[in-house]
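Shared between the two complexes below is subunit A, which pairs with subunit B and subunit C, respectively.
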Partner chain A sequence: MRAHPANYELVAPGGLSAVLSLLAKERGVWLPIAGGTDVMVEYAAGKLPARKLVSIWNLPELRRIEVFPGEIRIGAGCTYTDLRVHDMVGREFPLLANAASWTGGIANQNRGTIGGNIVNASPAADSLPALLVYEAELILVSANGERRVPYSNFHVAYRKTRLAPDELIRAVCLPRCFSRYYAHARKVGPRKAQAIAKVCLAAQARLENGVVEDIRVAMGSVAPVPLRLVRTEDSIKRKPIDAALLRLARQTTAAEIQPIDDIRSTASYRAAVAGNLVAEFLQALSTRGMQG
Partner chain B sequence: MSESPDESSKWEITLTVNGKRVTVQAYAMERLLDVVRNDLGLKGTKEGCGEGECGSCSVLMDGVLVNSCLIPVLQAKDSTIITIEGVQADGRAPVVQQAFLEYGGAQCGICTPGMILAACHLLQKKPQPTIEEIREGLSGNLCRCTGYLQIIEAVKEAARRGAAT
Partner chain C sequence: MIGVKDERIVGTAVPRLEGREKITGQARYVDDMVLPGMLYGATVRSRIPRGKIKKITFGPEINWQEFVIVSAKDIPGKNCVALIEDDQPCLADEFINHPEEPILLLAHEDRHLLPKAVEAVSVEYHPLSAIFTMEESESRSEIIWGANNTFKTILIDKGDVQGVWEKAHYIVEGEYRTGAQEQLYIENNGMIAAFEPQQGLTVWGSLQCPYYVHKALMELCGLPPGRVRVVQMETGGAFGGKEEYPSMIAAHAALLALKSGRPVKIIYDRMEDMAATTKRHPSRTRHRTAVSKDGKILGGTIEFTIDGGAYATLSSVVLSRGAIHAGGPYYWPNVRINAKAVATNAPPHGAFRGFGAPQSIFALERHMDRIAQVVELSPIEIRRRNFLKPGQTTTTGQAVSEPIDLGRLLDRALELSNYSAKKDEFARQNQNGNCKRGIGIASFLHGAGFTGAGERYLSSVVEVEACEDGGVRVLVSSAEFGQGTKTILCQIAAEALGLRYEDVRFAQPDTQEVPNSGPTVASRTAMVVGKLVQSAAIGIRQTLRASGLLGESYSAEEFRIACRKYVAAHGKLRSLARYEQPEDIVWNEEKYRGSAYAAFSWAVYIAAVTVDLTTYSVSVDDFVALQEVGRVLHPVLAKGQIIGGVAQAIGFALYERVVWDNGRMQNAQMTNYIMPTSADLPPIRVYFEEMGNVHGAFGAKGIGELPMDGPAPAIVSAVGDALRTFFNSIPLLPEDIFDAIAGKGENAEHAGSARGNP
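Then we have the complex of A and B:
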């Protein structure tokens, strides 16, 4: 049944520190709401367990992109549109800019935030494979201060993260060391915008003297959490791209992922698609990849 | 504000809608869509899916296209909202609306207010969009009637007629 607004409380204290002290005072009681593109859908369906919400939409402390020599810090409250219009994100982190352009329609991109995508923790989320490939770190903040954690061990199980009840994600940090990589993203689904992916891939690699010097491959919708395919990467590293490697890459990919059957697709379809996506990436790399 | 989550109380929320400052009494979690339709009586904004998928509830909030069904009204406090009723003030809209009429871009009309607002938002950012950009700009707006081709043609024509100027 549809939720009645009288049964919910929503406050907007305005500044980050006011929000954090509210979260600290009544731990686990207040649910942050940023762009609301996940929360409001649950709310509309009458499935939102929380009754007290605190708005973090448009908090200035969360909505800026800071550029340092060694990294870029994207505020967790930045929207997909913010990411798409930022020059450096597009230039140095094309996998993230791509994912942003694939996430729902324009209205959704004007509201949905990167922090919301991370904490909503869907295995199908579009921006999360890119964060794995870029080895993103998260700055988490609470009334007690900040801690910095790698995204790769933040997302621990199906829709579970290491975020403490009194914490917010403040920013997503991406190291600026990928300019010599060839980047490649693909979303396989019924249509590109506005649809949950059956499988999505973010990958980048560097060729040197004809061999794959370094490679990072991550996928969504192939496991309970967004997955970096470490074993597949190892099986490809320091090898030339030839027919044997493509075969091996398909096999290791299929063995490494843990896809399921669901309403959007079947496990065996996903395994076949995942293998093909990695092979397709390697082929593109061998023809268009930068030679370093 | 009441402590009991079972009965929160209403807030006084001021916003500027179609150029007029209005104050409504509303629960903070009331959807902007419901406030616009019920409290302000602006029925041009439609409810299709109620979950962000269809775009028929589109409005411009601080100049940006949003789905009003996903916005708790407290988050729209002090913002500037343009609905389809107020879009004429935007010079682009009459050209876009005329092109929709001529090109069969509207049939039952449920999606049309959202389509027009999405088209205006697109043309403001990209005065001469490619077909691909038109498709992308309208990809969050579903239409059960036209099959989209007429809508895309209408937006292309509006751009040609200089809707953006």
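Then we have the complex of A and C:
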């Protein structure tokens, strides 16, 4: 451990409103810590700039999954294990359930939260492409009240979000309108478990009369932020799945992403695999996808 | 086989001696140990690959009064980590030769204050240009070590290579590379040192070779043997990674302890351990082979080069083992092996399971596949036709004295892996789909014990003691670090004395208490140390009989009583056995000729893989590991050694890449240095043949390193089989496979470079 514990302060006020008033009183001073699976890694490396931490772990207000007729509201403090064992998440939002099951190991899944994954804002985060595909909305909360914002433009740059310093994510809202979609996810990591994605894909689409009626594709680790591939989607929409479409899909994917060379992989590999994943998805869609 | 019928303990799966303590958390590792008044130490390292220290400044943000600070000036003896050549300083004084070179040591009561203090020391340098590749080192554009950047050269010359080229029907050439690999033991390196004016210096640590540390500390501190004591604590894995580097850490802890007058503990965190300590030597091997029309090797040249990093450390011996294994289990009537270890400005590379052999065997086994392609024989047939047979000689001219039948070993491996059916099935399946399957093979050998005259120089000693309470103790400096040393040596003693396994204890390796049975390396413990334990144990029985306390046959209880009586009457009873080299083992170090090893273990491994062309990733689906290792002393531990070695070699082949930048490891974290997990491993099916061996305890040979040698070439062969592409380097990551398929790989060729005589 390369940090000195005496240099840090950790408080656990226990209730959401107490946390929010602390965040409001000393704006930008307190860093919320939920499961700590990102924060503690930085801490151990001696690279955590924040000195004052406020625990939001297991706040009841953040750890609920509420089901409404039109949407499901997942508390930001829900862990990957919470998501994996929840029936409806598994049934209606398999991309998210899958991503949860691929995140770290069991210990990590018992601590890591969806809110932490969003705010930590790694481009390689596993759950975020699923949230883009489901067109999630976030409920943000501060001492001044709540606001509801689309998730699609929450990430503004590499590891920068629209969250204000006195705000928390309270919940992630997913609309319940995807029953007729064929969903497909794949994580390409350097090993089968305990891996940071080199490329990961979450996608779903609806086929009607042999043409792709609607499609949503999102990827991780191919740009500074988790990326929805809007142009690729447009190039595929309302077309039949054939060899020409697969070719086009690969091309538009490659043009739309901005992968880099880093210690984990190469840009050219990521670009090729990204194209392959989209093609694989379309092929699976054409053979197994639901006809609406 | 030797007396298998009568054995009761050897060959059975007795409980691991220290198993209960490890499982219940009672085992004490060095970081569990706290001494009164103990300080914590940390190391200030260079951050440049090469240069001269100009100035060291201590930042104002730290209260330096509170810290103990040690520099090279504080070293009482010689500023080196004594090993083979004394070229590596313990603390850099003037010159910096790699980017993790220790410069200063700091100690404080509060371990948490150290990282910031380390950061607050700034060193100014005159930078010098550095070199990072074997090719740069060979070009001698910059001389960074000795006269020519070369730590050691070895020539093995057999027959007349000059004459073979014109007789050749084919001449096959190839170049093969292997990368650095980190040992990744679970427990990081750590040491505690304490100095008492009365007793002298004591260190406790995680280590493989107590007497290596002992020697290094004597030189460093200028102390006589009796005033340096080294104690091995429970050690959480080593794999060679705790062979030489612990001497460095012990030296650092000792210097801080000497200066402060207090005990000092140094524990590396994972990042420091990965970045600064030794890794497997990267290698490059060039083969040029003359082959007859029917696929027989007529002769060839092998150039084997390893990157030793900045200091000599163990490179000369790694090179030696690599060079001797470069010819593999095949018959070379004529061969010239030119081996050299060169210097670069990276932290020194060092011991790692296999010790050079996995590198040269990877090259050879890939080259055998290439020869097969050129000659248009199967990889099976080319091997079968060239296997060494009893009576034939190895590259060093050592006659194969054991009745090994490699053809039969091969047949059995083919059968166990269902080779030919799979080959057909894969060829059919591979016509469609995005997943391609392949199967590959490697046949190889591994020499047990120190190379050549090494065991004679070591002249190892073990003792067995009959104790006051009637029990028996084994005293050796051979360390347990997960591989089963304690268990097998106690089995051997119990077997030799006709006692129960529970009657035998194992003394903690402590240089004040145990004799020097040599380092715990080189697959030598079961064979060499085991045999000595067997003899020493027999010595106890002889003494008891001679003193009239023990009859011809006796029960365990009678033995206990005899021990007790003996000790009561005469005091301590210890029986000593010292290694003596058998007369038929003759080695000429100058010419590199003769018996390189007392015994070889032999193996044929077969891997089946799937390559997914969507992600270019490889998964190993099935693995058959068949080996002849002499007598298997403990079936469960032996199987564990093989499974673990295969797993580690799968990492070597397909996952583990050290990302270098100017001699520094960039991915010194387990997140980014990818070792396989259990999810990535196939079923590893382990089979033994037991031919016996006259040199080892109850017929045992070496087993620890063998499984590291064969998996990488077998797997890469299988990947090549799946993709119809020839790969010649490891690690072979998905990115490399992608590059090869996209046509820009340096790591692959679609056909071997070869020339056929008309």
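Everything that follows uses one rule, which is that the second predicted complex is superposed on the first by the 290 of 292 C-alpha atoms of A that agree within 3 Å, B and C clash if a C-alpha of one lies under 4 Å from a C-alpha of the other, contacts with A are read in each partner's own complex, and residues count from 1 in each chain.
Please note the rule applied: a contact is a pair of C-beta atoms (placed from the backbone, for glycine too) under 8 Å apart; a residue touches a chain by one contact, two chains touch by 3 or more.
Predicted model only: the values in this text are computed from it and were never measured.
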Subunit B versus subunit C as contact partner of A:G36, first or second or both or neither: first
Partner chain(s) touched by A:N209 [first = subunit B, second = subunit C, both, neither]: neither
First (subunit B), second (subunit C), both or neither touched by A:P5: both
Touching partner for A:E280 - first (subunit B), second (subunit C), both, neither: second
Touched partner set for A:R51, first subunit B, second subunit C, both or neither: first
Which superposed partner A:N153 touches (first subunit B, second subunit C, both, neither): neither
Which superposed partner A:R111 touches (first subunit B, second subunit C, both, neither): first
Of subunit B and subunit C, the chain that contacts the larger number of subunit A residues: B
Touched partner set for A:A272, first subunit B, second subunit C, both or neither: second
Footprint overlap on subunit A, comparing subunit B with subunit C: 3, 5-6, 45, 192-194
Footprint of subunit A on subunit B - complex, ascending: 1-2, 5-8, 26-31, 50-53, 55, 58, 64-67, 69-72, 74-75, 77, 118, 121-122, 136-141
Residues of subunit A that touch subunit B when the two form their complex: 3, 5-12, 33, 35-37, 40-41, 43-45, 51-53, 55, 57-58, 81, 101, 104-108, 110-111, 192-194
Footprint of subunit C on subunit A - complex, ascending: 1-6, 45-46, 188, 190-196, 198, 263-266, 268-269, 272-273, 276-277, 280
Residues of subunit C touching subunit A in the complex: 110, 112-113, 115-116, 269, 271, 434, 613-617, 619, 655, 659, 666-667, 671-672, 674-677, 679-680, 733-735, 738-739, 742
